[in-house]
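Each of the two complexes below includes subunit A, the first together with subunit B, the second together with subunit C.
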Partner chain A sequence: MNLSLMSLEISVVALGLVVLLADLWLPAERRRALGYVAAAALGLLLLQNLSGCCSCCVAGGDGTAFGGMFVQDGLSVFFKRFFLLAGALVLVLAVEFSDRIATGVSEYYSLIIFALAGMLFAASANDFAMLFVSIELITITFYILTSFTRGKVAALEAGVKYLILGALSSAFMVYGIALVWGTTGKFNFNELAQVAGNFTDNKVFLFGVVFILAGLGFKIAAFPFQMWTPDVYQGAPTPTTAFLAVGSKAAGFVLLLRFLFTAIPSVTAHWDKLLIIISGITILYGNLCAIPQRNLKRLLGYSSIAHAGYLLLGVAAMTSAGQSAVLYYLSGYLFTTLAAFTVIALVMRHLDSEDIAGLAGLNQRSPLLAATLTLAMVSLAGIPPLAGFFGKFLLLKAVIEQGAVNHGYYCLAFTALVGVVISLYYYFGVIRAIYWSKDAASREPILISTPMRVAIVGCIAGIFWLGVAPGAVLRLAESAVNALHCPGLALN
Partner chain B sequence: MADGRWGCALGAFPHLPFPISYLLYKKMNVGLEHYLVVSALLFALGLLGVITRRNLLVMYMSLELMLNSANLALVSFSRFNDNLNGQVMVFFIITVAAAEVAVGLALIVALYRKRQSAHVEDLTSMKL
Partner chain C sequence: MTPPFAVIAVLTIAAAVAAMTLRNLVHSALAIAVAFIGLAATYLQLNAQFVGLTQILVYVGAVAILIVFAILLTRGGEAPEKSVFSLSWIWGVLVTLAVFATLVWAIKHSFVVERETSVTAPEANVQQIGQALMTRFVLPLEVIGLLLTAALVGAVIIAMKEESVKAKIEDGRSKMDEPANPSSILHPPSSRGGQR
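Here is the complex of A and B:
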């Protein structure tokens, strides 16, 4: 067993406990700033991870721990950096939001950190037990985070809906794991990959795989399992929604990639049609349902379903180009979505609901926030030269390259383009509300604290950086997905 | 013919309840398939409960039934395949389910205090 591989996870869990305990000794008025401390600590861990160039541990680089359950390779390192960055930005946002949390601000911070720890474990999961426990660590923490403002009925309702549907999906996943393990006798993904080819005709095994996919589909909000998304996005506190949109979805995708391409590649190879159909319907469903929405967070919930569909394009392509495009798109999605939710949290702080009309006059109240939200919407819509455009370009390219194999891929690419065109309508509805609304409810300028300003400028820089100079991240993503295909020789 | 068979099953072991007496009469060995069928039935019953019941607590109970059906499947696979890993997994599932229940019941109680109701029809504050 190699504990040093897990030093990052151990530090994050320890940080969560320290934040929880610090609450006992800190006077009430200084607890709020604890979030900045935690965000700074996560930033330090991220820097240490980056500077250690490809190894966050002394042992140096790749390896497995707990008998192959926990794997440290290019893919997990990529996603761990992703989650740390997301966690730090969400904590800054949570500090900004903390005046709306009646009691237990430090608990809110520490729960975010524990969810982050679950995501870090998910990035390294190479075994069904690890997959299940890490996904539940994320989900159960999110039940609490979703209804943390328990004075609001909407938050409680969102929490209960998430709870019932989340528990349902985890029941499906557990049953699927039982069936897959019962037929093959393997929990470990690498061992399963060696025998999965013998079971491609076994109905019980295939049922198990479908059930596991149902559980993962719930996490990423793919088509038949997307019902919870709009309600939970709308009702949850804004930092939770942001973390749900970025962290939870990315954790679902890293597990999906590992499950489909490391554990059962021989089964996945036959399922291109299923993935194409799910991806296409998810794109259309998300985009069409987003059109009539008036609540900004609900609109972003539907848009997040649509983006799950775009990300599934890269999974459906079943090439390493598609998988690296997924990673790249997620990186762009991180900056874009966090920027959007940050603006929502700042602008809507005195309003009961996050109605789009509340954005009226934002251009006069705070040009920076108006520009940020505009950039975020434009990037989500996929207009060059921003991050969203290049990500979509890579995903579509990966799908069209596969078109020669199966003509369904051309239909899928066409569906995705239709989805992008539909999405322009509602994204530009938001931009219109920012700049061309007549009746602004309030005209007072919005104050932005310095850490918040840094986070916003960082997000904007990220959106431009990924759109204009994609080389560095793309190379990282490409080397990361190599780990999926040759688990023995994971590159870094 | 069929009558005779059922009748014999009842007559041969009059002191035992019918399904068991039938199994004994048929000299059936209870094998992996039987456990799996029971576990699939439990799973289906749980799913049916979640879909048809409208009370949050009953729905939540049905969800626990679904989780336990998976446990039964894991344990029986483990027993019949002589592989203890499945039973280890069951411990993980039980632990996680306990955590989930703790959080879930707290949420349902909090909602009940706010709305004086635990019915899903009342969860309608968020709509288009």
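Here is the complex of A and C:
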């Protein structure tokens, strides 16, 4: 048993418990700062992981634990760093938001950390039991985080909707897992890959796979399973929404990648049409429905559906270029989305609703926030030289390269371009509200705390860094997806 | 069909029918508990110890009690005035028959029926399940433990007394920028409380 592989998960869980217990001894007025401590601890873990793992990856720090159930490879390390960074930034945002939480601020922090632990386990899940358990840990924690400000009816409604649809999709997924296990008798992804080829015309097995994909599609908000997204994004507290948009979606994608390309590669190879259609419809649905939205968080909810569609481009391409593009796009999406939600949390703090009109006069109130939101919108729209552009470029390139195999890929690339053009309209509507609105509700400058300022500047730096100098992250992403194709881990 | 099975089956169905038709909600709840026990007995008789015991623990122990609590807390258990039979029953019966016919058709055409030699079911008793949980599946078990911790914390947070939240929100409207005072269990004494 190789427990050292799991040191990161153990530390994060311990951090969550410490935060939960610290609530008992800390005086009430200092609990708010607990979030900064937790964020700093996550930052330290990330730094230690960045410095430590560069040497241990070379020296063979990869491996499996618990009978191949838990796998530590390039892909999981990439996503773990991603989740740690997202968790730290969300915690800083949560401290900023904490004055709007009536009871249990430290519980809010610790639940964020528990959700983060679920994401870390998801990054390493190589087995249906771990897949299900980690998804449930993330989702159930998010039910609570969504309805945390239960004084607001919208938050309760969002929580109930998320709970019911989430339970339904979990039920589908468990049923699918039962069917797959019943036909193949395998739980482990690597073992399943060896026998999956024999079952490609077994209807019961394929039904199971479809049900599992439905469960994962709910997590990433892909087309037929996207109904919950706008309501939950709008009703949930802003830090929860930010974490949902970044962390939960990325966890869904790491599980989807592992499931499709490690567990059932022989089935996935026949399903290019399904992935192309889902990806295309998701892009169009998200972008078209975002146009009439007046609520900023709801708009970002629809835009997150559209981005799930863009990310599915890379999955549908079924090449390692496509998969590394997914990882790259997610990295850019992390900085962009967190920057956008940070600005929303700061600007909308005195307003009851997150209406776009509330952004009026933001340029006079805080030029930094105005510039940040503008950059985030421009990057989400995919305009050079920002992160979103290069991510979209890589995804489209991967799809067009496959066009020679199947002409559907050309249609998909065209659909994605149409989606980008549509998205320009509503993203620039937000920018127009920032700079060219006449009737500003308030003109008082917005105060930004120092940790918040650091987080915002970090996000801006990330957006530019990924857009201008993509080399480093791209190389990391490429080496990470190698783990999907040649699981060079000895099975025993 | 063995005599014990016949007894259990009749008991279960009778209890289920009673749960459906009895006027008093509390009586219905008790009848459904009996139906749950009948199902558990069926499982045990099929040598599925774990499923049978789980059925007793979860359904009889938790779900039935939850139903009784819900009835007691919401409407006090008085019987409804009008008859429980209504026209919509026709549709219900039709749907039931359709589902039943589908199930019968599926079972008739299932390859399990055509198989001649009965396969001996793999033995899975509680001990084996416990061993698997504590050895091979110990990591998911631990993660489930974390999940239950988070769920418990969340249940307490969401179900805590509503008034402290309202007071807090009204409070927060006036002085939004001050750090909150998130007393977790004890809600702060209200500022108006002493003067009344």
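Keep in mind that, in the parts below, the second predicted complex is superposed on the first by the 480 of 492 C-alpha atoms of A that agree within 3 Å, B and C clash if a C-alpha of one lies under 4 Å from a C-alpha of the other, contacts with A are read in each partner's own complex, and residues count from 1 in each chain.
The rule we apply is simple: contacts are C-beta pairs under 8 Å (C-beta built on N, C-alpha and C of every residue); 3 or more make two chains touch, one makes a residue touch a chain.
A quick note: this is a predicted structure, and the numbers were derived from the prediction, not measured.
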Partner chain(s) touched by A:F148 [first = subunit B, second = subunit C, both, neither]: second
Touching partner for A:A178 - first (subunit B), second (subunit C), both, neither: first
Partner chain in contact with A:A129 - subunit B first, subunit C second, else both or neither: both
Which of subunit B and subunit C A:Q293 touches, first, second, both or neither: first
Partner chain(s) touched by A:V421 [first = subunit B, second = subunit C, both, neither]: neither
Partner chain in contact with A:I140 - subunit B first, subunit C second, else both or neither: both
Partner chain in contact with A:D23 - subunit B first, subunit C second, else both or neither: second
Touching partner for A:K161 - first (subunit B), second (subunit C), both, neither: first
Partner chain(s) touched by A:F121 [first = subunit B, second = subunit C, both, neither]: second
Subunit B and subunit C contact sites that coincide on subunit A, given as residue numbers: 129, 132-133, 136, 140, 143-144, 147, 150, 159
Partner subunit A, residues of subunit C touching it in the complex: 136-140, 143-144, 146-147, 149-151, 153-154, 157-158, 160, 164-166, 168-169, 172, 176-184, 187
Touch list for subunit A against partner subunit C, complex: 13, 20, 23, 28-29, 31-32, 65-67, 69-70, 98-107, 110-111, 114-115, 117-118, 121, 129-130, 132-134, 136-137, 140-141, 143-144, 147-148, 150-151, 159, 349-350
Residue numbers on subunit B that touch subunit A, as the complex places them: 36, 39, 43, 46, 50, 56, 59-60, 63, 66-67, 69-71, 73-74, 77, 81, 83, 85-86, 88-89, 92-93, 96, 99-100, 103-104, 107-108, 110-111, 114-115, 123, 125-126, 128
Interfacial residue positions of subunit A with respect to subunit B in the complex: 128-129, 132-133, 136, 140, 143-144, 147, 150, 153-154, 156-161, 163-164, 167-168, 170-172, 174-175, 177-179, 181-182, 185, 187, 230-231, 234-235, 292-294, 298
